[in-house]
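These notes open a run of structures that come right after.
After this come two complexes, each holding subunit A, first together with subunit B and then together with subunit C.
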Partner chain A sequence: MVERIRLFSQHVFFIVFMYGGRFGIHLGSALPCFSCPFVQGCAGHCYLMALQRTHVGFQTAFEVFFSSAFVHVLWPFALFLILFLPLSKLWCAWLCPFCLFQDWITLIRKRLHIREFSMSRQVRNRLKPVKYILLALLILIPLAIANLGLHPDWGLPFCQICPARPILPLFTGNVSNFHIDMTNSVTIGFTATAMILTGVFLAGIFFKERFFCVFCLLALMHLFKKLSPFRFEKNVHACTGCGNCEQMCPVDIADVHLEKGKNHMPGAVDVLTQDCLGCMNCVESCPVDNALVFKWFDFKIFSSSRQYMTRKWSSK
Partner chain B sequence: MLLDLWKYLILICVPVIGSFGPFLVEARAADHTFWNKDMLHLEFAQMKKHPNGQVSQTFIVHRPENQTDKISVLFQENQRPEVYTVPLDQNTFSIFADKPSSIRLFVFTRAGQTHHVVHTDMVLFGKSRSLALRTLAKPSEAAVLKTLPHIFLVGSESYYWHQTGIPLTFSLKTQFHPLHPVRFHVADNHQIKPLAADTLNPLQFVYTPSHDKQLRQAGSTAVKHNTVFTCLAHDKKLYHLAYTFQLHRSRHAFENYTAGAIALAGGFLVFAGWVIKKRKTPWWKE
Partner chain C sequence: MTPVSSRLDRLKTRTKNLVQTELETQTSLIRNHPDYSDSLDPFIKILQQTFFIEQFIEQSSKDIVFTPCIQAPLELFHAAGLQPFKLACGSFAVQNMAPLHLPALTCPMIRSISGLLEMNQTEGIPLVIPTTCDWVVKFSELAGLYEKTDIHFMELPHLREEERSAKRWHNEIQLFKTWLEKRTGQKIYSKNLLRSVKLYSRAFELHDRLIRLRRKQIVSGLQYALIMNAMPYQDIEIWMAAVETFVIGLQDTGIRKIPVFLSGSPIVFPNYKMLSLIENAGMAVTADDICTMERTLQGTVAYEDASEFALLKALAQRYHTACSCPTFADNHRRINAMVHTLKQYEIKGVIFHVLKGCHPYDMEASILEMRLKDQGIRFLKIETDYVKEDEQNIVTRLEAFNRTLRSIEQ
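After this line comes the complex of A and B, so read on.
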């Protein structure tokens, strides 16, 4: 049931984000999901672009950071927080268009009966810092352009290599982002990297569910999770340690399964990790009543139940 | 007797020379040697983003020789009817914008019987709460714009990002019919080139700027400035008209789709091959 509602939500928001601009919907330039600005007629832009831009992002002279004009940099950030905080990680698995694209590819793989490749915990842990390194570069490169004279073709560094840039416009019939720009060495470097990465991610998404989400820079949201009323809690005393949650997780999060809490802590422990997409697959597959709970303030959105799990798996 | 002879000579010669006058003016109008020192022209100088969010564009004015009138600088914003004037500080002036503004700028003066008019369009992406300082032109000054002959870039209201390799069409707006066939020239990297007239409309001229190596090496926002100019003769007056425009490097001319497809396929195959080679564990569900 929850999975169906989620799929329905993903498809509705895919249509809204990808084509909404054609019907006069504009949700601003600070969306916490991959609503790509390179899609003509999209309903809003991913916040990562605003972060890299001049005037509203970090491609701004240092003097501006200490002037009243800094409000232009703060405003998209404030808008990002306003949009992100109520829904938190639900943006990923319930609204993000690129997440749905990955789900479609996974569906094709499953239909073809091709096995997924497994990623060990060690590899996953090694890959965790990659997104934060990219995030740091995304801020430092625009700063260097504005203040240290770095070549302006380094502008929008993340957008230039983001696989969503060539892939998402395909859904509006636009194939123009599949090229190498021979204008100069910087453009050749960026566009060649973008094409190779797009190839790598297409293969990765095919062989591994939500492969792109491992590197998604919007994990930046996680830094502000404490401000959000959205909570994902585990009752460590109720958990039987069956490991269903880890096995059902599209991004193989082990923390929910392994979290034991500390002796002095109450039973409910926050298990919303940086990689969590909020898909609720783990809650659906948990056989213990109220062992896993998604909450909005103190209101239970969805909690695990033996009856629900039995009904779901017996119907499959 | 001698005095009478002079009278006759004057009586005969003045109309003869007078009748040649327009042809002399016309001959002057048909060439392009007046470019540069004889002509009023504009140079785009620094565009600056100010800490308060306003954006300014500074211009340098190159005065014509023997200038007799003061130089007037008038502009309109976002196709609104209000006309603003900008004071000239020696040979420079700046236009400020507090919001995204499409600016239509005219600079004009007179040198004897020669009228000089330079026109340009640009977009300034200001974003500020403090209003840019503007001075409304007097109605008499503003009225001049309605009759001012000028060159304009066709479609410049709807598209401002002009690129090398893409044809630009220029045309002429006048209240009179010039005495001679109109010819346009362009000053591009200190070279003067004639523009080809449109086959369907002799008053429209097409110019395809060639790709520029320096622009390619510079960033995507780098610009160079070209000037299209002409000289018209009418009613024993000369009109030196110019249109200065900013040119960016081509966005799409150097895109190689074959190389893109090869890189994409390469990335896909290498990673897919690596996954297939390394795969050890079965998918749990199957």
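After this line comes the complex of A and C, so read on.
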């Protein structure tokens, strides 16, 4: 049931984000999901682009940071927070168009009965810093362009290598982002890297569900989770340790199962982690009543139920 | 001088007669119980047949494979077209045939299993042994089965939450599948496995309905034990049909006793001593975590996709991580599950049944007692075996426990 509602939501928002602009919808340039600005006629832009741009992002002279003009940088960020906070991780698995694209690829793999590639807990932990490295580059490169004279072709460094840039425009019939720009060594480097990464990610997504999400920079919005009314809690003392949550998680989060050493704590503990996509697969597959709960303030959005889980799997 | 074989044959005949008498006595006790209904007949019938394995094989449409524990996935047996035969025995009479060299403090169930295998012609029937407790690991050697049959060991990692354990057990499940394929000469395709997984998921849904009825005391502990004990010997679809018939015919008597949670060593037909005594003492077993009762079907298998790898991985996880066998080292969550059930269904007392010689449960009893008492839950440990001589003593303790629980309720 929840899975179907989520799929419906993903498809509706895919249409809205990808084609909404053609019908006059404009949701701004601070969206906390991969609504790619390179899609013609999209309804809004991913905040990562604004973050790298001049005037509204980090491609700004140092003196601006200490002047009233800094409000232009802060405003998109404030807008990003206003959009992110009420829905938090629901932006990922319920709204993000690139997430839905990944789900389609996974669906093809599943239909072909091809096994998924396993990624150990150790490998996942080692990959976690990649997001922070990308964020640092995303900030430092635009700063260097604005302040240290780095060539402007280094602009929008993340967008230039993001696999969503060539892939998502395909749904509007635009294949122009699949190319190597031979203008200079920088453009050759960026476009070649983008093509290689696109190939790697397409293969990765096929063999590993939500492979891109492992590296997604927007997952770092998790840093503001305490400001959000969206909560994911686990009643530790109800957990039987069956491991279904980890097994069914598209990004193999172990912290819901193992609670990051919080099992000595009484009552409910926060298990919303950086990589969580809010897909609620874990809650759907948990066989213990109220062991896992998604909440909005104190209202239960969805909680685990033995009966729900049993019915779901016996009617599959 | 009488030849050894002739003496052995006489012992076999005498034991078979004793077992027959024991079964008749127990069956008539069960049938005369106020909870009994005719819809339980198919379960009793199959349980009686399990003592005469040659006849059981004759009547079975599938080849059988012995397995003493619940960690060998039932879905794989089904997908391979084989009938699992759970090596769990509650007969005291059959112990006459147990090898004399078994240690004095042998687990009564292992003694009975050894006797059962000796009493019947079981040579050549394959055996799958998940390495759970020491008795299960060693009994095949003690019973001299190495020379008689094909034994496949599934090496069970005793850490539930470690990734390395999950990988090892997944590998064991794959090896088990290969072994089954070799036995049958037929490949287990993922579509067959998926069909079996779905079938057992439906069985679990039915089981869940049964559990809910049990919590409300509409199904008694004895009825439930019969149904669940019979499950690992029957074709799952036949079992489901019999359970459906039983559920349709159920009537709520309206009688409500003090609910208790039963934990500990396996309770196997026809040894329903503990269940009867608890009920006679005025309590009702409305929940348990016994591997021959509620843990026979522990949960639905949740799988990522229908590929063979994913299905085997899901099965491996379901039969390892989701299992709360006391042989696991990191088993603290077993108590969580118990406390959660106790609170959810307002059960105030736990009766812990230990078969003399069943070391893992004996060791876990004290840990459990401490944790449960911290939560204000009353705990009673009863150590017994298959004999009837200690019944009066147990009843006295159970009645006192019942009085304690009643005083808490008031």
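One rule holds for everything that comes next: the second predicted complex is superposed on the first by the 310 of 316 C-alpha atoms of A that agree within 3 Å, B and C clash if a C-alpha of one lies under 4 Å from a C-alpha of the other, contacts with A are read in each partner's own complex, and residues count from 1 in each chain.
We take it that contacts are C-beta pairs under 8 Å (C-beta built on N, C-alpha and C of every residue); 3 or more make two chains touch, one makes a residue touch a chain.
Note that the structure is predicted; figures quoted are calculated from it, not measured.
**Student:** Considering only touches as defined above, state whether A:H11 meets subunit B (first), subunit C (second), both or neither.
**Tutor:** In the superposed model, A:H11 contacts neither subunit B nor subunit C.
**Student:** For A:H26, select first, second, both or neither according to whether it touches subunit B, subunit C, the two together, or no partner.
**Tutor:** neither
**Student:** Please work out whether A:H113 is in contact with subunit B alone, subunit C alone, both, or neither, and reply first, second, both or neither.
**Tutor:** So A:H113 meets both subunit B and subunit C here.
**Student:** Touch test for A:K300: subunit B only (first), subunit C only (second), both, or neither?
**Tutor:** It touches nothing on subunit B or subunit C.
**Student:** Is A:T191 touching the first partner subunit B, the second partner subunit C, both, or neither of them?
**Tutor:** Touch partner of A:T191: subunit B, not subunit C.
**Student:** Contacts for A:S314 in the overlay, against subunit B (first) and subunit C (second): which applies, first, second, both or neither?
**Tutor:** second
**Student:** Could you tell me if A:R126 is touching subunit B, subunit C, both of them or neither one (first, second, both, neither)?
**Tutor:** neither
**Student:** Output check: A:Q247 vs subunit B and subunit C. Expected answer is one of first, second, both, neither. What do you get?
**Tutor:** In the superposed model, A:Q247 contacts both subunit B and subunit C.
**Student:** Of the partners subunit B and subunit C, which touch A:C239 in the superposed model: first, second, both, neither?
**Tutor:** second
**Student:** Return the residues of subunit A at which the contacts from subunit B and from subunit C coincide.
**Tutor:** Subunit A residues touching both partners: 113, 115-116, 247.
**Student:** Using the touch definition from the top, list the residues of subunit A that touch subunit B in their complex.
**Tutor:** Its residues touching subunit B are 54-55, 61, 63-64, 67-69, 72, 113, 115-118, 151-153, 155, 176, 178-184, 187, 191-192, 195-200, 202-204, 206-208, 247.
**Student:** Using the touch rule from the top, collect the residues of subunit A that touch subunit C in their complex.
**Tutor:** Result: residues 109-110, 113-116, 120-122, 209, 236-244, 247-248, 254, 257-258, 263, 285, 287-289, 291, 306-307, 309-311, 313-314, 316 of subunit A touch subunit C.
**Student:** Can you name the residues of subunit B that touch subunit A in the complex?
**Tutor:** 49-53, 125, 127-128, 216-222, 249-250, 252, 254-257, 259-261, 263-272, 275, 278-284, 286
**Student:** Mind pulling up the subunit C residues that touch subunit A in the complex?
**Tutor:** These residues of subunit C touch subunit A: 160-161, 163, 166, 190, 198, 201-202, 204-205, 208, 299-302, 304-310, 313-314, 317-318, 321-322, 324, 332-334, 336-337, 339-340, 344.
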